[in-house]
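Questions regarding the structure given below will be posed in turn.
Labels run A, B, C and D following the written order; every chain starts at residue 1.
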Amino acid sequence: METFFDQLAIGASTGALYALLALALVFIFRATDIVNFAQGEMAMFNTYIGWSISRPLSFSWIPFLSIERHINILNWHPEVFGIPLFLGSESDGSTRLGYLLIVIGTVAIAFVMGGLIERLIIRPSEGKNLLNAVIVTLGIFAIVNSIANWRYGPVPQNYPAPFKGNAVDFGLFKLGQHSLFALIVGVAMMFAIYVFFQRTKLGLAVRAAALNPQASELMGINTGQMLTLGWSLAAAIGCLAGMLVAPSVAGISPNLMLGVLLYAFAAAVLGGLDSALGAVVGGLAVGIGQTMVVQYIGSEWSDIVAFGLIIGILMVKPTGIFGSPVVKKV
Amino acid sequence: MKWHRKTWMLALLAIIAVLPVLGIACGDDDDEGDEGGTPATTATTAATTAGGSPTKAATKSPADEIANIKGDTTGVTDKEVKIGSYYAKTGPAAVYNDIQLAWNMYFDEVNKKGGIAGRQIKFIVEDDGYNPSNTVNVVKKLVEQDQVFMLFNALGTPTGMAVLEYVKAQGVPSLFIASGASKWANSGPTIIGIQPDYVTEGTVLGKEMAEKQKGKKYGILYQNDDFGKDGREGLKKGVGTALTLVGEETYEANAADITSQALKLINAGAEVIATYATPAQFAGVLKSVKAQGKTVTWYSSSVTASGSTAKLAEGAMDGVITAGYAPDPTDPDPDVQKVVKFFKDHGVANPTAFHIVAWVFAEHLERLLTVTGKNLNRSSLIYAMENVAFQGDWTSTLLYKPTIITKDDHRPIEAMFIQKWNQAAGKFDFDVSKIIDSETTKR
Amino acid sequence: MLEVKNIRAAYGPVTALHDISLSVPEGQIVTVLGANGAGKSTTLRVISGLLRPSAGTVLFEGRPIHGKPADWIVRQRICHVPEGRQIFATLTVEANLSLGAYTRRDKPGIKADLQRVFDYFPRLAERRNQVAGTLSGGEQQMLAIGRALMARPRLLLLDEPSLGLAPLVVRDIFKIIRTINEEDRVTILLIEQDAKLALSVASYGYVLETGRVVVNEPAADLARNETVRKSYLGY
Amino acid sequence: MKMTGNYRQGIERFIPSPAEAVVLATLLFFTWYLYGGTGNDVFAGLSTFIVVAIAWVLGVAIRVALNDMRWWLLVIALLLVMAPWLALNTFQIAVMTEVLVFSLLLHGLNVVTGLTGQMSLGHGALVGLSAYAVAILVDHWDWPLLPAMAAAVALTFAFGFALGIPALRLAGPYLAIATVAAALVFPLVLKLDSVQDYTGGVQGLRLHKQPQPPGFIGGFLENESIAKIPEQKKFAPEEVQVKERQKFAQATYLYFLCFGVAAIGTFAAWNLQRSRFGRAFIAVRDAEVAATSMGVNTALYKVTAFGISALYAGIAGALLYMVVAFVAPESFDLFNLSINPIAYLVIGGLAAPGGAMVGAFGYKWGPEVIKKIARTDTDFDKLQGALTGLMLIVVMTRMPQGVWGSLTRLNSFSWKALINETKAWVLSRTIAYWLAIALGVAVVIAIGAWFAPVWGVFAAGLLVVAPQDAWAGVFLWLRSLPAIGRRRAPAPGDAR
């Protein structure tokens, strides 16, 4: 039984990572009706940006300001559970931005970049064949991947995890602190997305713009802005996902998301592409399913069974477990 | 003029009738034609490549003999020699691309000093994305379009396997292949690997386990490809019956997380886990197993034996035992540090173990080309490699034992050592006197 | 209130409107009649900003609105109930209605208007939590009109509200259209195939033929007009 | 196919349409690339300019001389027949052979995606299934190649029908992911310990005996006046030359084998589209419910579409194994054979046999050209992916119907209309807008100054993949950008 719970815990922590990216996929699908293949790569690139700003700070570019004096100015180091929020001193004496600042900064950059991508690349291809938009996202995939490969190199880099301590003991099983954090973020995000789409006017407008752009314009909704907002928010969610994936897979590399994206797709589809709850449930199901297959069937069967099951479930429920049925129009 | 459907059909039927039908209809008799045809061509090649050297070797020393061997000089001029290679520049295997960049830096330096025997060394490195069907394409391009003289240090086992027969049939030397498959050692004169093969390496690691961990239970965790499967084979051979095997687990190269496999082994009672995994995955599993509060002794392949893996593992690598054949950049040895400085001077911020091995590989090629000298052709090159260049005590500056290559021994680097990562000191601990010449472990 | 002057518009190479001018005085119902393809819907699309005219002007209270984006025009409180209703099929009735009030910020006002729409269309109140796609054709038309009312329009553009509906339902809807016009003082530009019905509520009428205005007269005169009677009224 | 409508008059006759320019520039770039053009020199960009200029002139010449698309087809067919002699070496013949093989795969995809509107991202598995079936039959049971290929194609065809059944229940993205799952599982199954004896596991399977040209054909092709050997080997000893000639004969023979099959396949695809079947497929795509009510058995047609496309994929797989003579699980990764073909099909042009041909050409040659451009610096070759992505995006946004689609709509492009629209667009913006753009440009330039290579790569990429953007001004692209904060208000002509 201990084995079972151990595997359950590991599966849940991998599943949490799938769920995070799946949430971004669900978000963009609901907001724009597009299946975004570049979601993982955008997340990867934004994570790299997070990585760049998390490196030791150098203040040498500020004239007439010694490092010490500068740090004294910002010498306010509030901590939550031992994580420096704004600035932290490392054991080697260097100063880094605190985790909270890194997250805020990176998510902000991701938000802007998502919007820019929508405006500059997706917009011109809009209103044509849906397949075109999908191919454009494949193009973004290739561009982002190769720019990351070129700027940062293929070698994995260390990425800071907010919680580094030992696993939390739940009696039956232990869950790594970071995995627990990822799970909590995932569930919180799921609720946030639910509230955004179901309970806010803006979320409703975003959905309407995706459902029927023309009618939305007649409601006074600026559909262009809604699409941009959808991409921005999806990029921000993906970026959060990337920042949580990177520490758990031992570092960030341009291929960070290759091992996650397909499972995230599987998770999103399994749960139903338009359901945030489905993304989380699907992510956990895929993650736990994989570990259970490793434990009880054999490791070489893990992906075969996982993907086979997804096909099987889709046969029974064609729009995933929580997905709403597709409306066929005449 | 109007094109009716009939016209189209007639035109197409004509094509259909003339070309493939005739061709395929006759396709069956080429069974015999082929048997007859291929040996004939091979015979011609053999005549050109061998050049009658063995008979004359008796009168002159092998070194003098090189100058007289005639052979295929494709890709060689007086000023330049064109050498091809393929690496993955994208995808998960792109981490190894640093090796190629590093030996390019090495030869840039050589070229600046006038090249070798008056020739500039020009590399054409193609990107195959570690996909064997792409490799077939890029090697065809290198051989048939770019007309390279030879292939050097091409990356990968599945990729190499895909083109092995083609490269052999074309008579293009493919030397010092960057892969630890045991197959290279017996694939004919024109093919040779460079590093200790994974079966041998696994055997060395397994013997170490048999010695130090006698009577315990162990499990194997390996990547589901040639690399992992060769390693597994060697490990099992080396361990023999000294330890009890509780399970073998595998994972796909792009897996995000392989902790589940490790936990299965630990929960089955394994006290020792031997892994054939790549650095990122290995570091990940070390970290999460540690976070789960489980303790286990890790043995791992030379692929993960580097300070950068330890960095990724964030302290969880302490005490991991690996096999190795080249030093890590963290090694304080002055020769190693000189090489590290060389790469730092060439704009590499953090030279890794890849840069070290690239240096070693490059030295081998430089040695071979230097020994072959002015009369460079495919036959003389192979002759020089098998009979002159790596016979005595020539040792790469970064290795501990001489490299030996003969006609019957196509395993260049064979000396290995066992090392243990020391987290506090930030380097590997190992005993130079205890270097295992895997010559002894040869099958 | 609305002044359309010499507009011209095209879909690709096909010119749909050659030269249309019409005006809608405040507080009245103006109807546009015409056969299929005469350019009625296109005229409305130009007014509501879904289509940019290639020439001509559209003035709303003396200010030009042509070429402005649709969502800006909605904020001038010109609401368009499009042909084919265009409701959000997968959203609930209530969500559809609240989208109608997207441009408004006054919560109490929205609430009151919601109540008013439910008063007009009690069927919608019964089905407020139902997914709009499951409503019947008549209910969907009610929803589309109700949704437009949620924006508290000053000018309402109605495109064929009777299309595909049972005669009884049509009568109900036209009753409400008149109420909206009289009680809420909403100016209405109505497009209708059923000329008799349209002329019964309208005060002024235009007849379009292949993208041109051929007749414009007060509704009462129009009903008496020989050609109109022959081609559109059928007697 | 005959170009109809009012033919362009006056000065406009001398301006190639965007699609035409792209195709011509690409063709010319190939010529330049094949015959000793150096992508390695710093002036690659400049050379490209020259090529584009030549393309322009040639475009005008072709437009004036031939205003009938059918002649283009004839020229293309002729070029294809001549390909082994136009190619410089056997490698290029081999690539052309693969172009033919892939055109079959794309024809198949076209039936499912282009005609029937079902997105399948799992065709790699079908290709692999067929290739492996041939390999196992030949390797394990010593079947002769030809019957093995026939059996494999039949097997794949049957399997395709089976794959079509899930398609009945799944829609859009769900179907896409289900097929992705199938494509992912396929190579993993090959590596299972239990089937390793047959599939060769990770090592894959090799074809030891590629078909040799039979006696007289071989003799003909090896003939000194027929066979081509590489420049570098012209002065080599006789036996080397003989060997090169044999290589040429072998490569050419394989090429024509595939040419025959591809010709039949293309013809069949072209016919299929115009047949009752093709129209039914399109009906299923465009209005499924309406089609059902008109008595079209949509289920049957969907499954048939999958079956036909599997037939094509099977033929492609069997030929691929014959040509490459090697299969391994890693060959069937998701992007290589499942996703990229779809991307290139859409680039070539959906729902048109010509589109599949163009797509196959781009699929095999695009990366070669991009490699050529990218290798101006060791650092640049890492940006190959970026160039490919840029090409996808530019084609998809500028030519939504694909290259072929744009070619067949040559007349709808009007230079005058473009200028008018651009003028209107410029005038409709405010000063603040232009200031914002200027600021943006300044920022981009600043970044460009920082990582200078970006400029070279992107400019070269733009020049080659979208010359119309390069000279018709970035305007074309800017025009498609919306005003700040909103979507472009629909212009007359935007069919909504």
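FYI, contacts are C-beta pairs under 8 Å (C-beta built on N, C-alpha and C of every residue); 3 or more make two chains touch, one makes a residue touch a chain.
Remember, predicted model here, so these are calculated numbers, not experimental data.
Chemist: Closest chain to the protein CA centroid?
Modeler: It is chain D that sits nearest the middle.
Chemist: Would you mind telling me which chain pair, A-C or A-B, is linked by more contacting C-beta pairs?
Modeler: Between A-B and A-C, contacts are more numerous in A-B.
Chemist: Which integer distance in Å separates the CA centroid of chain A from that of chain C?
Modeler: 44
Chemist: Using the average of all C-alpha atoms in each chain as its centre, how far is it in Å between chain A and chain B?
Modeler: Each chain's C-alpha centroid was found; their separation is 37 Å.
Chemist: Just give me the whole-number Å value for how far the CA centre of chain C lies from that of chain D.
Modeler: Measuring from centre to centre gives 48 Å for this pair.
Chemist: Could you put a whole-Å number on the gap between the CA centroids of chain B and chain C?
Modeler: 75
Chemist: On chain B, where are the residues touching two or more other chains?
Modeler: 89-90, 224, 252
Chemist: Send over the residues of chain D in touch with two or more other chains.
Modeler: In chain D, residues 188, 191, 382, 384-385, 486-487, 494, 496 touch at least two other chains, as defined above.
Chemist: Could you say which residues in chain A touch two or more other chains, in rising order?
Modeler: Residues 145-146, 149, 214, 222-223, 300, 303.
Chemist: Applying the document's contact rule, which stretches of chain D touch chain B when the two form their complex?
Modeler: 70, 88-92, 94-95, 98, 144-146, 188, 191, 201-204, 206, 208-209, 211-215, 217, 230, 232-233, 237, 239-240, 242-243, 246-247, 253, 256-257, 259-261, 263-264, 267, 324-328, 330-331, 333, 336, 368, 371, 378, 381-382, 384-385
Chemist: In the complex, go through chain B and note every residue touching chain A.
Modeler: Counting only chain B, the residues touching chain A are 89-92, 94-95, 97-98, 224, 249-252, 254-257, 259-261, 263-264, 267, 279-281, 283-284, 287-288, 291-293, 308, 311-314, 352.
Chemist: Applying the document's contact rule, which stretches of chain C touch chain A when the two form their complex?
Modeler: 48-50, 69-71, 74-75, 79-80, 82, 86-91, 95, 98-100, 102-103, 133, 147, 151
Chemist: Along chain A, where are the residues that touch chain C in the complex?
Modeler: Touch residues, chain A against chain C: 201, 204-205, 207-208, 211-212, 214-223, 324, 327.
Chemist: Which of the residues in chain D end up touching chain A in this complex?
Modeler: Within the complex, chain D touches chain A at residues 113, 119, 166, 169-174, 176-178, 180-182, 184-185, 188-189, 191-193, 287-290, 334, 339, 342-343, 346-347, 350, 379, 382-386, 388-393, 396-398, 400, 451, 477, 480-482, 485-487, 494, 496.
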